[in-house]
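In what comes next, subunit A is part of two complexes: it sits with subunit B in the first one and with subunit C in the second one.
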Partner chain A sequence: MRTASRIASLVILALVFFGQAAGLRAQQPADEEGRSRFRTIDIFVDSRSTPLAAYQIKFAATNGVVKIVGIEGGESEAFRQPPVYDPKAMQQDRLIIASFSTASASALPKGKTRVATIHILVSGKTEPQFELKLQTAGDSRGRKISAQATFEERKTP
Partner chain B sequence: MTHFKFLRASLPILASRNRLKLLLSGGAVAGLFLLLLLQGCAKAPCSLTGLPASRPGMAPSFLGGDGLARCGVPLPPVGTEEIWVVARGDRSETDISDKTPGSGALMAKIEHKEVPMPLKHTDVHASVSGYLGSVEVIQQFHNPYSSKIEAVYVFPLPHNAAVNEFIMTIGDRRIRGIIRERAEAEQIYQEAKRQGYVAALLTEERPNIFTQSVANIEPGKEIDVTIKYFQTLDYVDGWYEFVFPMVVGPRFNPPGSTNGIGAVARGQRGVSRQNREVEYLRPDERSPHDISLKLEVEAGVPIEQSECRTHQVISEAVSPSRMAVSLNPVDNLPNKDFVFRYRVAGDRIKSALVTHRDERGGFFSLMLYPPQEMKELRRQPLELVFVLDCSGSMFGRPLEQAKAAIERGLGLLQPGDSFQLITFSITASQLGAAPLEATPENVQRGLRYLRGVRSEGGTMMIEGIKAALDFPHDPRRLRFVCFLTDGYIGNEIEILGAIHQRLGASRIFSFGIGSSVNRYLLDHMAKEGRGAVAYLGLKENAAPIMEAFFQRISHPAMTEVAVDWGGWHVTEVFPRELPDLFVGRPVILTGRFAGGQDTTIRVNGNAAGRPLQVLIPATLRDARATHSALPGVWARMKIADLSQQLVHAPDPGLPEAIKKVALDYSLMSAFTAFVAVDSSRQTEGAKGTTVPVAVPVPEGVNYDTTVEEK
Partner chain C sequence: MTMQEPGNQFDDRDEALEAPAGLVSALRQLPCEKLFVPPTTDEAILRTAQAHLRPSLKSSRRRKEALALDGRGSESREYWSLLTSAATTVSRIFKPAFSLGGKLRFAAWLAGAGAAAVVLLLALYLPKASTKFAREDLNHDGSVDILDAFVLAKRVEASVPADAGIDLNGDGKVDQRDVAALAAQAVSLGKGGHS
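What follows is the complex of A and B.
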């Protein structure tokens, strides 16, 4: 009898535990689906030893629901102003941004520099993947230069 | 000079004092044409507000010790919540005896009646080239309280402003806002606000009324919002006119309406039951919000004369054709329109064409002046209907000015003319059952009637429209209907629709009376009424405005105006229906063109049965000079045209069409909005409370007769 009541208690406990866990599991996807989160993506251009005077970049999410909600300028004074964007591309939430500086070569950034920051809103469960393409870059004399663009998601506090 | 050329075009073309076109060699990639803003954003040092008095029934709690003098102060309740904040300040003067009901036991320096506001300063930089203006407006928000706030500011811009740039500045970080469908932008903003991110949203309530919302401003922090727009200047009787409106006048909304613009006392949100409200400071209150303004004019030809009757300005002639004007700092209260006018050498005035071509094609703007011969033609007898707004907002000086203008008008009538006087507020009344012959006796009768008019009550303008347009037309006379009003109503669409339906053979001339008139309504009444508009400030002499009007209508208008564009293929010209041309009143046409050759544009029409023609050489010799504002100006005119169609015959496809133009050209509209979010950091603390920016009633407007209080 005592054993039976112990078993019954365990069953009840198990039911309660798994029931709650099942409830949590069932609840979690619904929360995830409805959750929107803001993310910050830093865009870098590495022009190596050549001073960077201009760039044009294409940036897009390859999956997930991503909306661009702000475009910020870069770290160097030469690119502090927020870049301009192509409004037609923006309507598909693709980003084509460009910026330039007429500062002298000595005032332009070299090496890897953050040229812009993209503020985005991600909706849904899927974690977005991004693609970035440097369409062109130039030096202070208007010549096309070899450079590399990368992006990093900023860890927000 | 360094040149780059970016490929693939269609980035927005932005106005800037420092514009550069860059050309990148070896362009295998597509090209992008860039114009970039290089100016920074001036920031005024933060000034903390004074200490408030206590909430009635609550003991003040001054804590001090950390540089903050504190006191519990209620902000206006948000829904059912009541959120308490602590005013920050470097002053501790309070008058806790101030128990004025509704004064909120106020977060104010009572002795100065200065009310802390989240909007500290507005800085305006404008430049005019020819008749195209480019304006940058910087609104400097701050949080003078000790908990987070959302600032909401309802403010005016010119109704023809093509707003195409929006930047939020936090410290030295500048975040460009994105143009989006309005509902989507609002959702993004609300989500950012809910999650504690700093965000800004710009929406359009009317073509000349906008709402700026800035969420999660932390205590002591500043956030600037920069708005840029293009506009065309008006040309009025020989003067170019640059107008910058500074405050929204208190609007009357017909009973039962909810989509108007309510006018309520500070802290009394919801009283008007309108979707959008403007809160007004009481007469004994003053906000620390002030304004500075700089204007540069490059007329292209020598400037003969200039004046600013609305404000004290400091002017400098940089060259014969160039002026620099700034608002005198002693005149920095934003409570009336800034109006600067300049006249160029008379013999230089002629129809002018400017063009711009980019990857989207050609754009042009044509300022079409009436032919000189029109001045030789005489007019027919007139049937003149004066319609006077005598609602509460016209109380005092505005009504006096309107009466003075009508009095002068009655004196200018000629034998053979007839006239009628109609007044309206809640209802309309009139001098006689039918227009009276303009005999000396009848004119005296009219003057007596006019002198007896008093202002009170709401502005049921529809009653005035019906009374003025719903009686049989006398075919022997030209009927001109003159509306004299401040235009302070919230149902503009209803009024414009009624004019469109009832106009018939009448022509409407609207006269805006006051310091901060609803120019969108007045301009569009004249446009719908195929007439013209004029404005009379409170400090101006009323007689000349009526004399100029009579001068204008003393010659027949050029009607049935048609344009032959010569060798150009021209499309989408706005306004779609060419208005009649009146002496001294050019019209601006904006359109798109294809064709790379010089041509001659021929404008044909009739005046008093006589055919007239204007020839305008269209040369592309200045094709290298970009008028980069033109695509935005054209797109704004297209949006205005589509919006006007929406008034006349609502078509479910029109909002979509407006949205598309606005998104393609990065422009504000009723269906698009700018949003900017700083996703890099979530602010701390509880949900902020919403603080509307209360504004003064416009100069000369009576608070008691216009602003709703509980």
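What follows is the complex of A and C.
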């Protein structure tokens, strides 16, 4: 009788243990799927030979797995300060950034220059997709200029 | 029971028609009863009629706007009516001359054609001249963006006498705060940021 009860309790213990282990194994992929990670996106404007005095860019993540969490200024002194953006864009997946400098043409960047950096939070395994549109760019006299906007994801944030 | 009453103009075929007794008695009672229509019912009918007529008013307005040369709403309508009245005036002025003969008639025709040409030129020129921009659109490029903030910043830096129209925050002076307000408007997600 005593032996039978021992066996029964051992069986129960074994069932409880394996049950927990199975539960853990089942939860593991879900945790991985729900994992979030930070990414850093550098925004560039190439104004070729014209000094860049102002830009306005629309940035959007298109597949709904991204939240914008931070915005930094660019590399040149003219655009070192963070660009202007709508505070409502934080925690969303799209924003418009813009900045200008009234410095003289000689102090403005030419060619391809990093004008801003956007920090994002990506959730899930899906790779984010982005859209970038240069809405306007101007020279030191406020005239519209032809330029190109691009983005690059930074390898080491 | 037949529907025909003595002296009616129904023919024989109508005489054969019979209506239910209840309906007949109800119809007979109708003229005797004074019907009271509550004002709310009247209002409801009026509202329904207005709602029914509104689409046709809108479509006629749209037609007029489509006729306008640049489709700029009230400006175009005013401009179009001005053009129409000018054409009418020209035709009235030259109408007596057309009744003359020979060279006078040709001269009148020439003068009329010249006046029409002038009206046409005005028609082409006036819309561009009278185009109004948003007060924030300082560079008049048709959109409010960071370049307008840049223009304003330059003006503020150069201490150019400020236009009261660009005192965006309404504090009585044009300064860097207005520049910031304009830049914020340019990147606003609410309006798409780029008008």
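In the analysis below, the second predicted complex is superposed on the first by the 119 of 157 C-alpha atoms of A that agree within 3 Å, B and C clash if a C-alpha of one lies under 4 Å from a C-alpha of the other, contacts with A are read in each partner's own complex, and residues count from 1 in each chain.
Just so it is clear, a residue touches a chain if its C-beta (ideal position, glycine included) is under 8 Å from a C-beta of that chain, and two chains touch if they have at least 3 such contacts.
All values reported here derive from a predicted model rather than from experimental measurement.
Novice: For A:Lys144, select first, second, both or neither according to whether it touches subunit B, subunit C, the two together, or no partner.
Specialist: both
Novice: Would you sort A:Ile71 into first (subunit B), second (subunit C), both or neither based on which partner it touches?
Specialist: It touches subunit B, and subunit C stays clear.
Novice: Of the two partner chains, subunit B (first) and subunit C (second), which one does A:Gln135 touch, if any: first, second, both, or neither?
Specialist: In the superposed model, A:Gln135 contacts both subunit B and subunit C.
Novice: First (subunit B), second (subunit C), both or neither: which does A:Arg94 touch?
Specialist: A:Arg94 contacts subunit C only, not subunit B.
Novice: Do subunit B and subunit C touch any of the same residues on subunit A, and if so, which?
Specialist: Shared contact residues on subunit A (touching subunit B in one complex, subunit C in the other): 53-54, 56, 84-86, 88, 96, 98-100, 102, 135-136, 138, 142, 144.
Novice: Where on subunit C is subunit A touching in the complex?
Specialist: So the residues of subunit C in touch with subunit A come to 139, 141, 143, 145-147, 149-151, 153-154, 157, 180, 183-184, 186-190, 193-194.
Novice: What residues of subunit B sit close enough to touch subunit A in their complex?
Specialist: Per the stated touch rule, the residues are 2-4, 6-8, 10-12, 14, 20, 22-27, 29-30, 32, 34-38, 167-168, 172-180, 184, 188, 191-192, 195, 197, 199, 663-666, 675-682.
Novice: Can you list the subunit A residues touching subunit C in their complex?
Specialist: Spelled out, the residues of subunit A in touch with subunit C are 53-56, 58, 84-86, 88-89, 92, 94-100, 102, 135-136, 138, 142, 144.
Novice: Which of the residues in subunit A come into contact with subunit B in the complex?
Specialist: Residue positions touching the partner: 36-40, 53-54, 56, 67-73, 80-88, 90-91, 96, 98-100, 102, 117, 119-121, 135-136, 138, 140-144, 154, 156-157.
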